[in-house]
Every structure is written in C-alpha cells, then in structure tokens.
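For clarity, chains are labelled A, B, C and D in written order, and residue numbers in each chain start from 1.
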Amino acid sequence: MNYTDDFPHAAQQLIDAGRFIDSKGWVPATSGNFSARLNDGTIAITVSGRHKGRLQVEDIMRIDSDGNSLDGKTPSAETLLHTQLYQRFPSVHSVLHPHSLNATLVSRVFKTEIVLENYELLKAFAGIKTHESRLVVPVFANDQDIPRLAKQVDAYLNQQSIHAYIIDGHGLYTWGNSVQETLRHLEALDFLFECELKLHGVK
Amino acid sequence: MNYTDDFPHAAQQLIDAGRFIDSKGWVPATSGNFSARLNDGTIAITVSGRHKGRLQVEDIMRIDSDGNSLDGKTPSAETLLHTQLYQRFPSVHSVLHPHSLNATLVSRVFKTEIVLENYELLKAFAGIKTHESRLVVPVFANDQDIPRLAKQVDAYLNQQSIHAYIIDGHGLYTWGNSVQETLRHLEALDFLFECELKLHGVK
Amino acid sequence: MNYTDDFPHAAQQLIDAGRFIDSKGWVPATSGNFSARLNDGTIAITVSGRHKGRLQVEDIMRIDSDGNSLDGKTPSAETLLHTQLYQRFPSVHSVLHPHSLNATLVSRVFKTEIVLENYELLKAFAGIKTHESRLVVPVFANDQDIPRLAKQVDAYLNQQSIHAYIIDGHGLYTWGNSVQETLRHLEALDFLFECELKLHGVK
Amino acid sequence: MNYTDDFPHAAQQLIDAGRFIDSKGWVPATSGNFSARLNDGTIAITVSGRHKGRLQVEDIMRIDSDGNSLDGKTPSAETLLHTQLYQRFPSVHSVLHPHSLNATLVSRVFKTEIVLENYELLKAFAGIKTHESRLVVPVFANDQDIPRLAKQVDAYLNQQSIHAYIIDGHGLYTWGNSVQETLRHLEALDFLFECELKLHGVK
C-alpha cells in the first residue's frame, strides 16, 4: 500500500485548492504546483503537467521528504522548491505555487523585491498583529536548473524570515501550517500585489 | 436558549450576503465582518477569523447592543464599529464591512474623502432622488485601537450625515435599514469607486 | 386576464437576460431596465426598483404601447425611453438598458459620442457586413425629466440611424428584433467600449 | 450517414471548449469559431452565427478537408483559415479562433507582431523547454476576403514557424495536436498578452 491514511484528505484539499485557485485565473495552462505534508513526514504533491483547476485524485502523488517518488508517478520538476521548505520549517504543512498575473507583473515592475506596508490585510499572515508592519517578498531570477534556484532561496532564507517569494516571470511560492492558512496567505498576497501594481500605474 | 426567533433568518441573510460579497472578491483571506439587528435590539454578527465567503450558521453569533457576547463566541475585534452605528441610528438594521480593492485604493489615492457626483447610481442610496446630488465618503486613518477609531467616526457623524466611510488601507463600512438595502449601497459604492479610480488613471 | 399567451415566454427571456447581464456586473444595485414587445403590440417590462440579476416572474409587468400599466404594477420611471423606440421602429422587439461601468466611463471620457471603427465585432450589429464600417454611439445629457430626455433622443433619431445610445453617468440603451439580438448588440458594445477605453488609457 | 464514429466526441470537446472560452469573455456576441480534425481527415467545425458559449450538438457540422459542407449546414465564413492549417500541418488536430479583448488590443498596440520572451509560461507551448525562449505572434491586416487573408497567412508560414497569429481588430488563431493542447496554448497566450499590455501601460 503506497498511501497513508491521511493521503485522501490531503489530496482532496489540494484538488479543492486547485479549483479555487483556477477560478481566480492563477494557474493558466498547466502551470503551478501544490503540496501538503502528511503525518508520517512524506508529502502529497501534484503530478507534473496536469491542469491544476481540474485535478483528479490520480493527479496527486506521494513523495518522500527528499522528493523521491513513492508511487511511480512523476512529480513536478520544481519539487525541490517544496521539499526545501518542509525540511527547513517543521511548522510548514503546505506549499502552494500558483502562477498569477499579479505575481508575474510584480517581478517585472518591482525587480528584486516588493515591500507591503500599512495594509490591514497584512494581518492575514501568521504572526502579524497590526497594519503597521512591513512584509518583504523577494523576487529571485528564474532558472531551469532547480537545484541552483533552490540555492538562491536557501541563501536568502538563511538571512531573513519571509512568508513568500516570487520567481521572475514565473510565479509565487507561499506556505503555511495548513492548506487553509496557505490559501489565506495567497489571497492576501494577490490582493496586496494588485493594490501596489495599480498604485504604481501598471494596471 | 441563546437565540431569538428571527436569528436564523438574519444569520442566513448574512451567510448569503457573504457568498455574494466574496464572489465579487471583496473579502479576501478572512477580512471583513457583517451584522444585522434583531427584533429585540440584540445583534447577529460574524464570528472573528472566518472566511466570509464560506460562512456556516455556527459562524454567526449574537451580541447585545453594547457588543457583549451572548453565546460565548468571540465577535470581530471591530464590533464596536457596528454597535456605534446601531446605537446612533434607530433605522439602521444592518452593517456590512467588506474589504474591497477599490475601497483600499480610494483610501490611498483620494486620501481624506471621495466625492461622488452626477451619477445616476447615486439614486441607489436611501433618500437620494436625482443624479444631481453629492455624496461624500470620508476616509479615516486606520487604528488597531478600535475605541479610538470609533471616536474618529463619532466625531465625524456629529458633524455630517453619511452613508458610508472608508478606513485607510483597510476597507469600507456601509449600513442600511435591511441587509438588502445595505448590499444595494455596497454594490453602488464599489461601482462608483471604480469609476472614479479609472477616471483618475489608477486602473 | 391581464397577460397574453406569449407573456410567460417573454418574461422568462427578460429574467434570463437579467441573470446574464448581472453576471457581467452591468446592473449594480437596482439599476437598469429591460423590455420585450408582445405579439399584440403591448410590452413586457421590468417593474421599478428590483435587482435585475434576480428577477422573478412577478417582477415583469405588462404595459400598453403608450406606457400605461395594464396590471396595476408600476413600471420603470424610464418607460418612455422604451416605448418611443417601439413606436418609431416596427422591427424592434426588445430594448435593454444596462448600467455598465464601461458605458458610464465612455460618457465621461468621450463626452458627446464614441465612434467605433475597424473592428470585426462591428459585424455583430444587424446590417453591418464588414469591419470597414463606422458605428456612432451618441451620449445624451442625463435628466430626471424623462419626457425631456426622450425629446433629446427623438431629435437625434430624426437625423441619424443608430443602434444604441448612452446617457451620461447613467448607462446604455440598445435594441433589436429580439431579446437575443439585443443581447448580441450589448455584448459587442461593451467589448468595443472597453477596447476604446483601454486604448485611450482609461483602464 | 453523415457523421463519423468520432464525431460526437469531437463535437462535445468543441462545445466544452466554447463554454470555457466564453467563461473567460473571449467570444462576445457570436464571434469566434472552433474546429477539430476527425480520424478520416474530415473536420468538425462550428456552424456560422451561433453563440460559442452556448453551443448545442447541432451547432457543430462536418466539412471535408477543402472546407465543403458534408451535411448541408453552413460553416463559418473563415473556414479556409482552419483548413489551410490542417493541410499544411499533419500533426494539427484542432484550431481555435477566439476573439479576446487582449488579442484585439495587442493588434492595435503592437501593430505587426508581439514578441514574448523570458516567461516560464512559454513552456506551455509544444516544443518549448525553457523560459529563455522567444515566441513571435504576428498580426495580419483584417480582410473580409478570406482567400486573400489566407494567402497572407500562407506567405508568412512559408518563412517562419509559429504557434498562433492575430488578425487586426479581430481575434486570435491558435492550434495544436488536440483540443486540449490548443486550449493550453490559448490560456497561455491570453495571460502573456495581458502581461505585455499591462507592462506597456495599456490596462
């Protein structure tokens, strides 16, 4: 038996998250990938190449904490960007990587980072209690060499605590202690990115 | 028994209002809060921290006219902003506080107030009979100290009659003699905010 | 019996049109009104003050060709703008008046008229066979005195053939030989207004 | 019998594609047309003049590889633009022609071609493996003389391999080895067009 008792529930949460995220237009074509940590430390993650708004249970697979397939399916090429977050942060139980227009535009307009300040919605992030906070979301250069990209992320995380990052011309990574919390971060980030883009005259 | 005969109907109206408001994108993450006055003067209000687009009946609670919980649940931190409106205006039976992009942008672009004039849709507001009217929506500074924020609102209401106000970087408060009328105000305000933002080159 | 044999079908068409139009955001609050001519020359029209996206059969009433109520209900204050089109054009069997953001913005930006040229979608209008056509949509000043507003429209129609007109800060009137054709005109107009607004830097 | 065994499945795919495409607002009024190649080399294609978001099975017809009707129905006036792609590319099994706002705006703003570079989403196109790619989408002048328009396209295809083209003020043509792949190209193109338009200050 390849699947754990909590796999079906985690898979359904990722399927539902995908339907919600697609309804917002944040996973065009077959972009994006999603994962959730299981109780035994292995990870449920989307199979490579599927449309994330129309996932079926067979489109969710199981990998170990190093990213190796446990069921013969092929995970996303970007699996390492998920596992590095689970390895670093014991409290993280979900990672969502959509590909929204706003995240893509932020990477082109704000270049190396976007700073979000003085918004009530910052309180959507775990640990933030007042709008008088400052949330930095860094932008990393895109790279088809995922281990090299992961090293960029690691180097940054060694220096600074963040809730999310953007890959240039590509999309957003955000995480949380549950799929639900991660979706909350995602909704808040897209809203705040859109505010900043409009205030900078982009759209 | 903690609930009045009219509580279930009021709760359902707030649940339906939340689904509608979320379908417009006006309550991202767990932002926003909604309430309706009951026949006995107590108030049905959303519980703190829930997603307002997916409310269940247990996410609506009952408070007295001073904002004290009557059922052991915890209301929104901003409850006082609801109760001050019910105390001041006997005709008000609903208060809706969404968190729309347009309201947030208006607060950043128009700063202290936005003036809406010469729109047919102004007739959506109770008591307005012609487009040749002038509706002022003030913007108040955001404050995590809600009693202090409520005092700002009170001072303004002592001087001028309004249908709605915005809190900077935060969202909109509007009210009416029923949930339905308040939703009508809300739809009209968002439309008019978007008109003004676009005419000022923001989006 | 106040209703004709074809009234239920016409009423259902207006209800469905309203649901579609509201799904586009073109009838915020209780704005807009819709009508269809019946076989005996009387007219099915929306009752005043209802939300046009959630019409029930009792929200559609019947008036004679001069706008007098035939069933004791109260039609829209703008009924005369419908009846004048039915009286002037025997081929017109439906009039739709939504209140879209794009029509409102066009009135503010283009002032007296908008000219649509060199769009393939112009072929959506009855009688237009090539994109190398020129469609003028005039903008009339808003007026709460509907007979006076109707005279503006009449004077213009005496001089020029049009498919639609806008009332400043208010909304759009368009018509056709069926509800379906009128919806086709409406979809095309909103698309073309949005193109022109974006090309003029408004949104 | 006018229909092949695989016709019902192909027709259903085009109906479903139409519903999806219309949900995005890409086929206003009765614009757009869609086709899929059948196993025997004939083609399923939308009948002229129908709303592409509400297709019924009788709105899909069958033509031979030269565009002649095989069932007495009338195909789109632009059928030749479909058949020329099937004749030139044996691997092409679907052609989709929506009429999106973004494609129309691109034709007005970028004039002769739009170049898409350095986007992760370029990998949605068959054969593209890295964001460090360059995708050119040419814009052709609109022409009601479809054979003459097809000649423009042929001349271009003789010189350069492309995944899609735009007709000025009209819409987009894209194709793929299945309806599903073609929809993937379509979603990616619209996203990338919107990025480029916003970065060029259009919306």
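Remarks
Assume a contact is a pair of C-beta atoms (placed from the backbone, for glycine too) under 8 Å apart; a residue touches a chain by one contact, two chains touch by 3 or more.
Keep in mind the model is a prediction, meaning the values are calculated, not measured.
Chain centre most remote from that of subunit C: A (centre = mean of CA atoms).
Taking shared numbers over all numbers used, the subunit C to subunit D interface scores under half, which places it in the different class. Relative orientation of subunit A and subunit D, expressed as the C-alpha superposition rotation angle, is 90° to the nearest 5.
Subunit B and subunit C have Cα centroids lying 32 Å from one another. Distance between chain centres (mean CA atoms), subunit B to subunit D: 45 Å. Annotation for subunit D: residues touching 2 or more other chains are 201, 203. If each chain is drawn as a node and touching chains are joined, the picture is one closed loop, every chain linked to exactly two others.
You'll find the chains touch as A-B, A-D, B-C, C-D. The touching residues of subunit B, when paired with subunit A in their complex, are 28-31, 51, 99, 101, 104-105, 108-109, 142, 144, 167-171, 197, 201-203. Those residues of subunit D whose C-beta lies close enough to touch subunit A in the complex are 118-121, 124, 129-132, 184-185, 187-188, 190-191, 194-195, 198-199, 201, 203.
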